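Taking it in order: structure first as structure tokens, then the write-up.
Labels for the chains are A, B, C and D, by order of writing; each one numbers its residues from 1.
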Amino acid sequence: MNVLIINMQLNITRAIHDWLFSVMPEGAATITEWVLIAVAYLALFAVAGLYLVLLERKVAAWFQLRLGPNRVGPWGLFQTMADALKLVSKELTSTDRIDKFLYNLAPYFVIVTSLTAIAVFPFSEQFQAFDINIGVFFLFAISSIGVIGILLAGWASNNKFALIGAMRSGLQTISYELSVGLSLLTMVLLTGSLQLSEIVEVQRTGGWLILQGHIPAIIAFCIFIIAGTAETNRAPFDLVEAESELGAGFHTEYSGMKFAYFFLAEFINMFIIASIAVVLFFGAWLSPFGITEGITWFPEVLWFLIKVLIIIFLMMWFRWTFPRLRVDQLLTLEWKYLLPLNLINLVIMAIVIWMKWTI
Amino acid sequence: MGVDKKRFLNQYEAEGLKQVMPEDFPGKVIPGGNGGNIVVTTLDSVINWGRSNSLWPLYFGTSCCAIEMMQTGAPKHDFSRFGFEVARPSARQADLIIIAGTIVNKMGPVLRRLYDQMAEPKYVIAMGACAISGGPFYYNTYSVIKGADHVIPVDVYVPGCPPRPEALLEGMIMLQEKIKTENMSKKVNPIDGFDEGK
Amino acid sequence: MISQEVKNKIKTEEYFINMGPQHPAAHGVLRLLLTIDGEIIKNVEPDLGYIHRSIEKMCERDSYQQIVHLTDRMDYLSSNINNEAVCLTVEKALELEVSDRVKVIRTIIAELTRLASHQLWWGVMGMDLGALTTYFYAFRDREMINDIFEETCGARLTMNYNIPGGLMFDIHPNFVQRTKDFIAHFKTKLPEYDRLLTGNVIFEKRTKGVGILTKEDAISFGVSGPVARGSGFASDVRKHHPYSAYDRVAFKEILFTEGDTYSRYKVRMAEMWESMAIIEQLIDNIPEGDIQAPTKAVIKLPKGEYYQRVETARGELGVYINSDGNKNPYRVKFRSPGFSNLSVLNHISKGVKIADLVATMASFDFVIPDIDR
Amino acid sequence: MKNEDLQNIIIGLGTDLKFSTEASEFLNIIVPKEQLHSVCSQLKSNPDLKFNYAFCITGMDWGKELGVIYHLESTELKHRIVVKVMTEDRENPTLDSVHDIWQTADFHELEVYDFFGIKFNNHPKLRRLFLTPEWEGFPLRKDYVDEANMVIK
């Protein structure tokens, strides 16, 4: 069955490609193909985002001795669909004194950047939309643009709670960018390449990077997951929309679909951080110990998703367990602990590679 | 604020029936409307399905009923099963105000502002005796509004002092049923004409 | 480095923020006018009255039995203790001696109420600090207490179980067993609370050394309850002016001297253990006796002034009744613990961050209708 | 300390102090309003009295006079008294603020101002605390009428 689907997929994409190039000139065909891929990705990840929201609500319920949504559709599977439908049909409010242009721009900024980042991930050997040679750098760059959207939202909505939230977001992202970058750099030392597909290739032969780099890699992973959680503005780093302090934070003045973009972007960002971790530490779509390597029909994308979901679950676990940090403690954690540790770790990794102590 | 007699509308008065309630009765009855002869179109039913299953309440509780409202969200009663658990701290993102507690004269304008800030479609549940009529604070008090429906239009009334969590759940499910009978083309904003007593 | 000249040109401005009346940390409808410089709080000005229901005025036209049910709605989390306060005042005025059975049952019920209130506080404190799961753990256990109350007096929150002269009705036959079951259950769950929140590094960082209230300030501001005891001010009315059956049980008055948010937290956690200890001492030997002392249908207090202090979950509740001999009191004043506790908020939260203010407020455990009355 | 002993000490703190223990469990002291602040500060500072904890401050309308009742306790010496002060001026009642002696008086005086309209000299910021700033009248006075809002039973 599965083999059929995979083959069909490949055949279908191949057929569409051939057909496009046969009916129109090469330039137009390429552009059409891009658009088609973009639409497919958009649809896929809008749905993925919705189900991540549902997963979060279910996981929260399990942590909290509840059942979670279970009335809408079988096991509550359509709950977030209903939410999306409602949000689409909800009125878009605004106030008089907002900066209209920036206010309307901000949610798109956030959602577009997070959707763009998804393009470069190697979900499986064939399933990668955009394999550029500076993949890691691209991810790193794109994921930090999103904060501009948050800053715009906070600034443009002319609301003091929103402004405080946006400013917190700014300082949080600027600080934790460093840790994300440096911990990724540590791993790039091992791979010697920024191209994501090559990073996966390195792991196919030499084992997952977290094993190859052993101690420094594990430290890098811990730092990355802390900084990554902070980058996505999730608890315990959710100072941006700290409910008990700032109400709804930077998106206080947004309603309907514009709010939904922020809401969805948070979950897609979580997916991105988890995917980066999977690609750089856990061998992307590679199966553990190569157990499905010989099986040609096995959808490798499944391994990728399983790993991503495990890391997302870990991040949800943080959220439903830890209290929130205060803003100065947040900065202390980054600049006094994570950053020095990261720099030392980078040197250790360099020594490990120099002395050929890798496994 | 306070009880402004111009705003009263009596159900019997509205239907042209005999006046049975005294003129100075400090309460208002929203005339029964929304009859059964509504043609439910497919689009309506899809939108209504979405809206009814995704009622996000506003964080809003003024007094004792708020504790029972919290209890409704807690493990034993758990309104998250119906998708109600996404409580929003900002009125812009909420669909539903559960007026859990007494509304006093100072709070009245705030409640009204919160209601006005909410995006359409918006719904209101008056939870408990105080929100319905002033409850135990009806007599001899100078500061209590005798019923939150003097301030904003209410969809569902849940009696009790405070109502049990089951009662609130029942009220919320009733609201879902009400939403399922809505008609997009005939839907009127409940606040239209509210201040004039229509 | 920024030169001094540039620094002089940069001007920062303080701004106002309205925290509340509708705000998740407001615990209802408290409104705080914050003057803020960046994230640093310069001044906190509480604006009350968003749930001011004029209970004191209503009391002047109500009979004494009717007053009791209004107090339920005042501090709804310690409703039984509020009822008890009014009943004790009326009984003191009438020089009415209630039976031992009533005293013991009142004490047990009061301590159960205190437990329920502290559970809710714990859940909400966690929520205010960003750990939402605490809320659900607390409500799971609170529901058991509500069930006990429901079985005995038919209500879950606003019980109205005490009446002047005794109790509305006798306890349910299951009451003793269910209370024992609950204590046994909660003894295993309270350490779980500690594991979830108390030892957490972030929690300790957020609460230790935050919102420090000295003992002198606590006394001067009339602070009472766990907030005062967290600052070392021994203010437990149960210990110093015992009423009901508190003179016959052994319990510790929990005192911490640091005066910060963490010590207020610890006081309440320890008080839960003490409450359970009190209940355990009494539950097995509830004496036989009448549950109501005979009172007239219309109670008229002799002319005079009566004052009774009780310890609610929030602190010292004082009931002042001035009677002119009629069936209605001439003036009733409730000295609510929350009102005095709130007055100290501005004093201790100058110069802290917004997040610290939220943590401090959470540790004060405000119930706004108790402040506004 | 016994009430008689307390009375003997307090009697020296001011002139025209009236004492009574009738119909009350505490020793009641009626202080002339001019001496309120000086008597209160001595009640707190006197080493034999040390009334440092004002556990209740009540506004009062006796029909003719308006006034304030202070319930005081010494946390060290464990004795309690009641201080009463009244003014006959119902149009513009004014008393001295004691917020510098017991800081809790700050809020309680706001409450008394709100409900009884008694103004306090030297209060840092006298304002409506519970009611809206434009509220007319002082609701806990006995002569307060509000036909719009109050439904009298």
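Just a few scattered comments:
One rule holds in what follows: a contact is a pair of C-beta atoms (placed from the backbone, for glycine too) under 8 Å apart; a residue touches a chain by one contact, two chains touch by 3 or more.
Worth saying up front: this structure is predicted, and the values here are computed from it rather than measured.
Taking B-D and A-B together, the pair of chains sharing more C-beta contacts is A-B. Set against the Cα centre of subunit B, the chain with the most distant centre is D. Centre-to-centre separation between subunit B and subunit D, using Cα means, comes to 43 Å. Centres computed as Cα averages put subunit A at a distance of 40 Å from subunit B.
A separation of 25 Å divides the Cα centre of subunit C from that of subunit D. For the pair subunit B and subunit C, the distance between mean C-alpha positions equals 30 Å.
Those residues of subunit C in touch with two or more other chains are numbered 23-24, 49, 52, 54, 57, 61, 135-136, 140.
Counting partners per residue, subunit D has 130-132, 139, 152-153 as the residues that reach two or more other chains. Shared interface positions of subunit A, i.e. residues touching 2 or more other chains, are given as 64-66, 243, 247. A list of each chain pair in contact follows: A-B, A-C, B-C, B-D, C-D.
Within the complex, the subunit B residues that touch subunit D are 2-3, 26, 105-106, 138-144, 146. Residues 46-47, 49-54, 75, 78, 80-83, 85-86, 88-90, 92-93, 95, 117, 119-121 of subunit B are the ones that touch subunit A when the two sit in their complex.
Against subunit B, the residues of subunit A that register as touching in their complex are 57, 61, 64-72, 76, 78-79, 81-93, 243, 247-248, 251-256, 259.
By the touch rule above, subunit A contacts subunit C in their complex via residues 60, 63-66, 160-161, 164, 235-236, 238-239, 242-247, 320-329. Subunit D contributes residues 22-26, 28, 52-56, 58-61, 69, 71, 75, 78, 82, 102-104, 106-108, 111, 115, 128-132, 139-140, 152-153 to its touches with subunit C in the complex.
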